[in-house]
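Okay, so chain A shows up in both of these, paired with chain B first and chain C after.
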Partner chain A sequence: MSRVLTIALNEGRALLRNRTAVISAALFLLLSLMAILNAWDQFRYAQGLRQTYQSEANQTFDAQPDRHPHRMVHYGHFVFRPLNPMAAFDPGVDAFTGQMLYLEGHRQNSANFSDTRQNTSLVRFGQLTPAFCLQVLAPLLLIFLGFGVIARERENGTLVLCLTQGVTGPQMFWGKALCLAVVAGLILLPALVSLGWLATQAMLGWGLTLAILTGYVLYLLIWTMGIVLVSRFARRGREALLGLIALWAFFCVFVPRIAPDLIAHARPLLTQMETDIRIHKELKAMGDSHNPDDPYFNAFRQKVLKSYGVSRVEDLPVNYKGLLALEGERMTSALFKAYADRNFGQQHAQTRLMDGVGLLAPVLAVQRVSMSGAGTDLSAYQAFLEQGEAYRFGLVQHLNQLQATALTYADDTNKARENRISHDHWTNYPDFVFRPPAMAERLERLSPALGVLALWCGVLLGLGQWSALRLERLMK
Partner chain B sequence: MTMLRFEWLLLIRSRLTLAALIVLSVLSIFAVARGLHEVARQNAVIAHLETLQKNDMSDLAKAYGPEGDAGYAAYYSFHHTFDPPSRLAFAALGQRDVLPYNLRVRALGLQAQLYEGDIFNPELALPGRFDLSFVLVYLTPLFLVVLLHDLVSGEAESGRLSLLRAAPKAGIALWLRRAALRSALVFAAVAVPFVAGAVIAQAPVAGVMGGVALIALYVMFWTALCLLTAAFGFGSRINALVLLSQWVILVLVAPTLAHIAISRSVPVPQGVDIVLKHRQLVHGAWEVPKDLTMQRFFHSHPEWKATAPLGKTFEWKWYFAFHHVGDESVAADVATYRGRILQRQALAEGVGYLLPSVGVQAAMERLGDTDIRGYLSYQDQIKTFHTALRRFYYPYIFNKTPFPEPEYAKVPRFEPRSYGGGIGGFYLLTLAALSAGLGGGGVWLMRKRIV
Partner chain C sequence: MTEMQQGDQSAILRLKAVSAGYGRRTILNDLSLEVSRGEIFALLGGNGAGKSTTLRVLLGFLKPSAGEVTLAGQDVVADPAAARAHVAYVAENVALYEHLSARENLAYLLTLAGVTAEASRIEGALEAVGLGVAARGQRLSGYSKGMRQKTAIALAVAREVPVLLLDEPTSGLDPRAISEFHDLLDVLRARGTAILMVTHDLLGATQVADRIGFLSEGRLTQVADKSEDRSFDINRLYQAYQTAQPGQVA
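Up next is the complex of A and B:
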């Protein structure tokens, strides 16, 4: 054991003497620090903006004058997707998703004004965030620092020298691995501090913080082991470096790009326009409330009349137009929900395929752990869309209900009369509050990916021991 | 010539070199195939939606035609606008995966419709597309590093360098020849699939030449960097490390820093503001005296001033007037919003003069017309169409002309915009100058230090 430590310490000393290693590590730490500060600053700015917008939208909605309730249905409401402080650590899909949802009757709008729509293609080069530093840059730094740990000793002939001096293969191997693992730990440190701090800001809870932490520790351990292994099999330092860069480019640059392309192609989504057209068509097929002879709405009228025990809509104690609006909205919203569910289902099928590819590329697995843990993934966005839709439906039906009860049928059908009801009816309607997906749900989503990372780690550790035992053969 | 043949023989005997070139060719071919496929898919989506829209329109004509009210026709009928990919889009799919290329609009206020998006999976959009511009900007430099990092040092390490120096006619010609041959092959590995793809896509010749020039210059730039690095006379390992660090900075780190700098220095007024203001105006119109709205509308449309005054009941002409007045009232905000986005884009293109990675990516997207500029001109096309649509319906609505079923066939049809992309000659020149400068510096240093 002490020999393992000695070897690790020796390697560490060599690294400290290596000027390029020290400079690149310092640059990386500087970059991480910048990433954290910038991400936090951007977060505070964007969050402030959205909070202002939301409270303004709430105020203008509450301040609307006396109106016909159906005008309020068309006036609608705006809800803004609140940012989660964890987005400063890992913004996930944040830049690509709409931040504002316009809620109105009869229609389901898309969430609009994502960052990508008001930015240049620079955003596609990736964003400098702690997550980007850890997922993409940290492995690269580890490669630069560690490609030669064993290969260089072999190239210089010092490896055989050590082994003949009684150092065993495993001692050599694990000593080197230990040193690189400590370096990886140091690399992780600033990001971890920021993670801990943001997690308290976001009230993330121990479970998720620990899961994200474990994800990154495992991820960097995978790279550490991979680097030492490649270095152990390469005959020369340069071979190890080129081989590792090829591996890195394949796993961190190539696979994350090619996989979504193939998946999007294999599982195409329905376009917004086709969805709209289909919903409209299905709605028309169900019934047309404007058509006096429509079978569906005639049956509806008969049912209403029967339940109130009257024979004419004029005799109803409530406004029949309001009841029609309620029924119409119920029908459209059911269709919206069916299509949204179908669309979310398709997207989840795509995402599941992506997670499957994560088995082959640990970077995808760590992205899953990080995004889902932080609550900046597709599911968190869909939760916002779903809650927005639920709020829309509740609000519209509240207003339709008002039309049914606060206005009479005679007044409402009199075209010469301006019907308005008191604004008190909507001033006190509760505001929209977004509830992010629960911890249990997020843990459930990220745990398979955590398992994948653990599996990779286990396999590589086993492979390490196997190859370490065979290191002494190099003497022959 | 014979010397070049010997170089070729050396090259094809090196397994690493050959493997690198084959892998790069395969990646390029695959990227071009993916790009062509994606372009075909986008065209198919547009065609499919066009059919759906036609059927929807004829249903609408049947449903509202008998009533003959132009107000209903204008209110209920949506129109398909679309932005087909250009013939060069296959090489750089750009932002077309996150920016919509289909949008339905109707004659109501445009600003409430213009910012709707299409459905896409943001998790899949996150890493960016796999297209030829990606292979060129990200991967090609890595292959060049693999092929050129041991240009001189490889000979030094195998002990042949002193021998080569002692040979008659020694000089740096050997290194230049070797570098030229290898980078020419790298260029061919990317450019040949590009040209083949362009032929399949029937792309305009000028654009194809521009793309080829861009590929050549980017390969030259990285070759120049490799030469310069080799000239310092380090070992192969250090060369590889230095070159890879340059790659990391140019391709991974500097663009993200530039993005931060640009989005901080040019804050885009939130598009949200436009929509909020527009909605306030449009829905507030029910509270504003109707005549006031009409006066505002007549200000820009005096030709309808003489029509019958408004009665007490609801009238379509007032409805469409206040929708348009809403659009007019936010026109200044829209112009600022758009201007700022363009300013950001111009800055990003400016950064491209210093960072060829950013510059070449931007130039490829400009060539394919798939960047934010292309999207903004699609928006302009929508705006033009929307104006034509409004002006088509106005006579029916203001003169209360009946709008029976046959009239539906006369509704204006959307014409897609024409190709607005291209390549900046000035940018190509700057890139050439930059590469020449670096390469020249490398040659000068090599002469001084190695020979």
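Up next is the complex of A and C:
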């Protein structure tokens, strides 16, 4: 048996015989199990609720009687984002962004301008999920189990004893690191089982499952190496413990809390109220289709009349009111889209900055890998909003088109007529189906963070070997 | 009493004109010392005389700035790890693993030393040092210092190393434990082990050592040889010990 393995096994035996270590590990595993069961239970409840409400919303929309198409435009429709089973592993921003959109003519869902996304990292801290257990609690457990791996040997004098048996510095260092890495693997195990199972439920694909798994393996390896390194440089176990707790507090509590605030300050988003006020002002400036003297809509009318070669709207082969509705919707949607794009652009700038901070704090990088892989990150939510908006625009313009073609201008301006069209027009309109971002796109999004974790690992492994080669200097 | 130990062809532990220190501070100053098989050499000296530094140099943890250091013919400076295969070291606080029993400590440390950790070898070594059978399976956290020391010596016995380095071995031991420890050293001497014992205990040294060296400011100032001074003249030795203390004039 190699010395590295012998040292690792002895360290493992020491941990197994340490009641505090065994109790802490058992508590952590229990906590992980609770987190998994709790997350799955919540997922099933939420999924059932969403399916019920989506089904009700579809039935209610489809059950609308024959109506004027514009009334259907304003009747509105609810769409729900189907719950991703991976949200039970890492809910990401899902719990705070909302998963429902109200689709109505002339307005875009205000979720696109919600404030919550500015503070997601802050709010997320503290949720008991398998991802939280691995990102925040697992390093803490590893610290408690591993702070003394070398410092205590040095403090007790057993380091010199081992070295006088012919053990080299690297053998001692990597033996300790191997033991702690195995412990990290055991810590990872329950969450990994849940990850594998949820990934199968979510039909996540092996690529993304493997990417998430790699992210967490690298993350815990970073902590493992960090712990052994600090233990290597500390004179006493207590010094190592205090130093490591300080590092944990900095990397797992302070940076994830402070970074979003600093980034929000550096790349500020408009608040929902500011956005609403600005949009309202621009809408007013845009023109009023009901005002016969409105310059824009006067010009629009002239353009339509010219294109059809007629002089009056009454002579048009289509319902001019429908054309007005189409144009109005196009204009307001373009305005909303501009604001939404600007907002998303700013949020992506924030995300890029956050990725940059991930270079300093691996927990941010692993959060990115985990959320992007699970499909619970901001981009996945943005995809839902964009698809929802596209569906809304398509539905509203479909109804406006019906107004333009299925009703005549004369009838539509005659208040004595009901001007209803068949409900088949919306009953047969396809339901909203959300398509989550493709695997390649998600892999591309999480790759830089995975690279950051690999870089941290590489640097720490190199530093580990460098310090291991100099371990005997401690005996001077 | 000789001024300096003369070269000995049978010496298994050898320091020749060794100077060593930390940074610019020189601790060992042209130190020469030899210990032969089956010999116990007690190295005495005041605080800061260089006793612990001598052990660090012998263990290869501190590279001397000048001189030669060999253990069983192995150059310690050139290959410290190889030289350590010939030496066992027992620190003052008898460092061993608290979570392991004496048997497990030996098994683990023998494996690290590359020695087959057979049960018969372990039991034989523990038997040789007189550690009770009932205690052998108990964790060290319940051991007295004397029992720990026996376990540490048992490791040296089991490894069959030719050189044993002891750092203040009797510190904190009661008289009975000291007496048992001396008996143990006699056993090792009879087995041919060369023992270098760093100590403050002059009386204990006179009881067990074959030679006693006095270290002052990194030099071996005097060496008393039991073969010349059959029962050691304690008064003369005490005087030599006193003059070896820092600030004293020889």
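Assume the second predicted complex is superposed on the first by the 457 of 476 C-alpha atoms of A that agree within 3 Å, B and C clash if a C-alpha of one lies under 4 Å from a C-alpha of the other, contacts with A are read in each partner's own complex, and residues count from 1 in each chain.
Everything that follows uses one rule, which is that a residue touches a chain if its C-beta (ideal position, glycine included) is under 8 Å from a C-beta of that chain, and two chains touch if they have at least 3 such contacts.
If you're wondering where the values come from, they're calculated on a predicted model, not measured in any experiment.
Asks: Record, for the superposition on chain A, whether partners chain B and chain C clash or fit.
Replies: fit
Asks: Look at A:Q201 in the shared chain and tell me whether it touches chain B only, chain C only, both, or neither; answer first, second, both or neither.
Replies: It touches nothing on chain B or chain C.
Asks: Does chain B (first) or chain C (second) touch A:R17, or do both, or does neither?
Replies: Only chain C is touched by A:R17; chain B is not.
Asks: For A:D276, decide between first (touching chain B), second (touching chain C), both and neither.
Replies: In the superposition, A:D276 contacts chain B only.
Asks: Have a look at where A:T164 lands relative to chain B and chain C in the superposition and call it first, second, both or neither.
Replies: Touch partner of A:T164: chain C, not chain B.
Asks: So in the superposed three-chain picture, is A:E472 touching just chain B, just chain C, both, or none of them (first/second/both/neither)?
Replies: Only chain C is touched by A:E472; chain B is not.
Asks: Thinking of the overlay built on chain A, is A:T6 touched by chain B (first), by chain C (second), by both, or by neither?
Replies: After superposition on chain A, A:T6 lies in contact with chain C alone.
Asks: Report the partner of chain A that touches more of its residues: chain B or chain C.
Replies: Of chain B and chain C, the partner in contact with more residues of chain A is B.
Asks: Look at A:Q397 in the shared chain and tell me whether it touches chain B only, chain C only, both, or neither; answer first, second, both or neither.
Replies: neither
Asks: Between the C-alpha centres of chain B and chain C, what angle is subtended at chain A's, in steps of 10°?
Replies: It works out to roughly 90 degrees.
Asks: Can you report the least C-alpha distance between chain B and chain C in the superposed arrangement, rounded to whole Å?
Replies: In the combined three-chain model, chain B comes within 14 Å of chain C at the C-alpha level.
Asks: Which parts of chain A are touched by chain B and by chain C alike?
Replies: none
Asks: Report the residues of chain A in contact with chain B in the complex, numbered from low to high.
Replies: Interface residues on the chain A side: 20, 24, 31, 34, 38, 49, 53, 56-57, 60, 65, 67, 71, 74-76, 78, 92-93, 96-100, 102, 109-114, 116-128, 132, 136-137, 140, 144, 148, 237-238, 241-242, 245-246, 249, 253-254, 256-258, 260-261, 263-265, 268-277, 280-281, 284, 343, 347, 350-351, 354, 371, 377-378, 381, 415-416.
Asks: Which residues of chain C touch chain A in their complex?
Replies: So the residues of chain C in touch with chain A come to 22, 56, 59-62, 80-81, 84-85, 87-89, 91, 93, 95-100, 108-109, 111-114, 139.
Asks: Could you list, by residue number, the parts of chain B that touch chain A in their complex?
Replies: Where chain B meets chain A, its residues are 16, 34, 37-38, 41, 45, 48-49, 52-53, 56, 59, 63, 78, 80, 94-95, 97-100, 102-104, 112, 115-130, 134, 138-139, 142, 146, 150, 236-238, 240-241, 244-245, 248, 251-253, 255-260, 262-263, 268, 270-272, 275-276, 279-280, 283, 286-287, 312-314, 337, 340-341, 344-345, 347-348, 351, 357-358, 361-362, 365, 371-372.
Asks: In their complex, what parts of chain A are in touch with chain C?
Replies: 1, 3, 6-7, 10, 13-14, 17-18, 156-158, 160-168, 472, 475-476
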